[in-house]
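In the part that follows, the structures are each spelled out as structure tokens.
Each of the next two complexes has chain A plus one more chain, namely chain B in the first and chain C in the second.
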Partner chain A sequence: MNLIEANELTLRYGKKTALERVSFSIPKGRVYGLLGHNGAGKTSLMKALVGLLPTDGQLSVLGLDPRRQRTELLSQLCYIPDVAVLPRWARVHELITLMSGLQPRFSADRARQLLKRTSVGLDDKVKSLSKGMVVQAHLALIAAIDAKLMILDEPTLGLDVMSRKGFYELLIDEWCDGERTVLISTHQVEEVETLLSDVLMLDEGRLVLNISLQDMDQRFVALSHDPAQADAVAAAHPLLRYRQTGGRGAAIFDGTPPEHVMGLGERIRPNLVDLFMALTRKPALAPSQS
Partner chain B sequence: MQSWNDSAPIYQQLADRLAVQLLDGAPPEGEALPSVRQLAGQYLINPLTVSRALQALVDKGLVESRRGQGMYVTAGARDRLRRTERTRFLEREWPALRARLGRLGISSADLDWKDTQ
Partner chain C sequence: MSSRFPTLLLREWMQHKRGWLLTLVLPPAFILSILPFSHTNGLPDHALAAGLIVVLGMTLLMLAISAISVGFQLSGLARRDVQDRSIEFWLSLPSSHGESLAATLLAHVLLVPLAAVVFGFGMGYVMAAAAALKSAGLAGLASIPWAQITALALPAAARLAVGVPLALIWAAPLVMLLMASAAWLKRWSVAAMVGALLITCTILPKVYGIVLVRDWLRDQTRGAWHALLANPEAIASSPEQMSNVDSATAWQWATGDFTNELHALLSWQLASGLAIAALGFYLLILRRQRAG
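On to the complex of A and B.
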């Protein structure tokens, strides 16, 4: 059984469409990346998944209806919203006590074990911790919930590189066991690429890509070529053309282009950042709607 | 963070890195490789991708899966690896390198490669 089944989810705020007929399913044991520019609908989708926003369409999370069974659902999944804050006055061990009272599936022992991996002490006050330490403490607390699904909305936003690395290490080491799934939204695409098993890409409320990284390597073909071949490559209508570091040209095709086009260069790995640029519109470049 | 390039899929690049380590004797033949989860944590790579990399090494006969115990370096793995790496160097890399040496006007007398023997 899939952990999430979403069928034709649509959400509008007045005239603005946040989600437009979004359908996907998420099985167990995966690391799903939810990618999109700011305003693409990532947070709206995540809020819908945990029952905080109503949508049209059908939605099942852990076999439950998020709108009607929200309390039950929230006791069975781990969720860090984009505006997550821990109470500044609290000490970490007090948060563990708090979680023990709030969350039936929370294990205080597990939380203390996870916190040992961080530089956060049990007697530390939240307000004395750096932003990176707060986020790691939050992850340690959330990961101590015995659940099948974790939903993280932009968890590493505003963290420095060492904190982000520590966060991802904790996530990969302690959460990903082949059974549990995490859905993580971000626009820092290059950092999460290797962590992911699958990608959901949103652009202006539409799901423009839903693919496993393994299939991505097969379906999309990137070609590195001499600058002199640029016109010939362009004539084959790639999704995106760009310049590699070092000055060579490169292009991404959806599907394998004809042999004479492949002959214009060497096949390289289509990276997620380039694919992201190809499939989404940069907000700065989008024509004004007003 | 780890640096991966665009030359090949990530699993292939990880398999190549692990193969270089095998060639250096880490781990030695008959010994166990780190687990999928250890490698995933170390390289910050999805466990499924790590499994694909290990499978690529299995396909080359460099490591073998022992049921319930993980991956072990096969007997003769280093020799086999050295042979294929030698062939690859001589057939693919050497011609380009020799052409570059020629362009730079570097002769065998300028090189101290014998020191590595």
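On to the complex of A and C.
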């Protein structure tokens, strides 16, 4: 059974469309990246998934209707909505007490154990912590919930490199076990690429890509070529052309380009950042199911 | 029973305990600190009457202070979690909007005033002892009839305590409208409420002769006052007179006074007030739903 099933999801704020007929499903044991520019609809989708925004279309998360069964759903998943939203007046041990009473699947012992991996003390007040420490404390609390699904909305936005690295290490080491699924939205594409098993890419509210990284390597072809071949490569209509360090040109194709074009350079692995640029510059591309 | 609601109440305690304790402790501490330099001549010579005045006066004073304090906090409470950005954290946890708001209201509007009544009643004894010590030394302290004071003050304080939830029911439409206006109109809410009061209580009656809203507000406020203490004159018009009453009569009066006010709840006036309070609560829920 899929943990998330979305079918023709549409979400509008007045006349502005935040999500346009978005369909996808997410199975267990995967790490999904939800990528998109600012305003692409990532946060709207995340909020719809946890029942905070109403949508048209069908949506099922853990077999529940997020809007009608929000409280029941939130007791079965982990959700970090934003950076540093922990109440500033609280001490960390007070948050553990509150989570124990509010979240039935929360383990206080597990939270204390996870907090030992961070530099956050149980008696620390949230307002005395740095932004990075608050995010680590939040993840330690959320990761102590025995759930199958974790939803993270831009959890490391505005953090320095060390804090971001610490966050992702904690996430991978302590939560991802091959059975649980993480859906993480970000536009810091290069940082999460190594964590992900699958990618959802949103552009102006539309899902322009839904693919596993394994399939991505097979479907998309990047060609590194000599600058002199640029016009010939461009004539084959790649998704994106860009310059590599060292002055060589490169182009990304959806599918294998004709043999004479392949002969103009050598095939390289397209990275997620370049693909992100290619697809969100060309939103007309039809989404592909993995 | 779900642990959610008690936990939400616990959250209120964790977040506001310092303010609540200061509100409760500072006034009696201030009175005690100035007592050695003050006159106690205003108190009656009769020890029982003086004791009753101090104990019941302190109980009423603490209730009034907590009520005023809550009144000032209401508009801030409506936007508290949005202002400190923690609303997204609370919305990420499995509690409904209704129970989250209900816990906040219950803690601030009911439990704190009730705690103030209990604390004020206890502090009344401390004050009475301190005043007796100041005016007549240890002999004065020894002359206070504590058992008699308790026998008469307890029914009166109990009547006040059970009147707090009743008064809250009468005040609910005003409380909820104030909070809903703060949640939706933010900094303009106070101006909006003052403007609304000015229009409904002054302009409409004077210019257009429309007194419906003004009279409704007056009856609602009167209901809240009576819910706390409807007819104290029925037992005594002053604590001095009350000292002539026995404990059984005092309890009989307290029970009767409360029962009369319970019956007064069955009115169209209150029903209309509760409908407005329900609307205010719904507006708060709507605002919270959209806050994430």
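Criterion: the second predicted complex is superposed on the first by the 278 of 290 C-alpha atoms of A that agree within 3 Å, B and C clash if a C-alpha of one lies under 4 Å from a C-alpha of the other, contacts with A are read in each partner's own complex, and residues count from 1 in each chain.
To be clear about the criterion, contacts are C-beta pairs under 8 Å (C-beta built on N, C-alpha and C of every residue); 3 or more make two chains touch, one makes a residue touch a chain.
Model, not experiment: these values are computed from the prediction.
Q: Once chain A of both complexes is superposed, is A:Q244 in touch with chain B (first), chain C (second), both, or neither?
A: In the superposed model, A:Q244 contacts chain B only, not chain C.
Q: With the two structures laid over each other on chain A, which partner does A:G101 touch: chain B (first), chain C (second), both, or neither?
A: After superposition on chain A, A:G101 lies in contact with chain C alone.
Q: In the superposed arrangement, does A:A234 touch chain B (first), chain C (second), both or neither?
A: Touch status of A:A234: no partner.
Q: Please work out whether A:P87 is in contact with chain B alone, chain C alone, both, or neither, and reply first, second, both or neither.
A: So A:P87 only meets chain C here.
Q: Answer with first, second, both or neither: which of chain B and chain C does A:V31 touch in the superposed model?
A: First partner only, chain B.
Q: A:L52 in the overlay: touching chain B, chain C, both, or neither? Say first, second, both or neither.
A: second
Q: Quick check: in the complex, which residue numbers of chain A touch chain C?
A: 47, 50, 52-53, 70-75, 79-82, 84-90, 94, 97-104, 138
Q: Taking the touch rule as given, give the residues of chain C at its contact with chain A in the complex, in rising order.
A: Those residues of chain C that touch chain A are 3-4, 6-8, 10-11, 14-15, 81, 84-96, 289, 292.
Q: Touching chain A in the complex: which residues of chain B?
A: 1-2, 4-10, 37, 40-41, 43-49, 52
Q: Under the definition above, what is the set of chain A residues touching chain B in their complex?
A: Against chain B, the touching part of chain A is residues 30-31, 161, 164-165, 168-169, 172-173, 176-178, 191, 193-197, 213-214, 217, 222, 224, 244, 268-269, 271.
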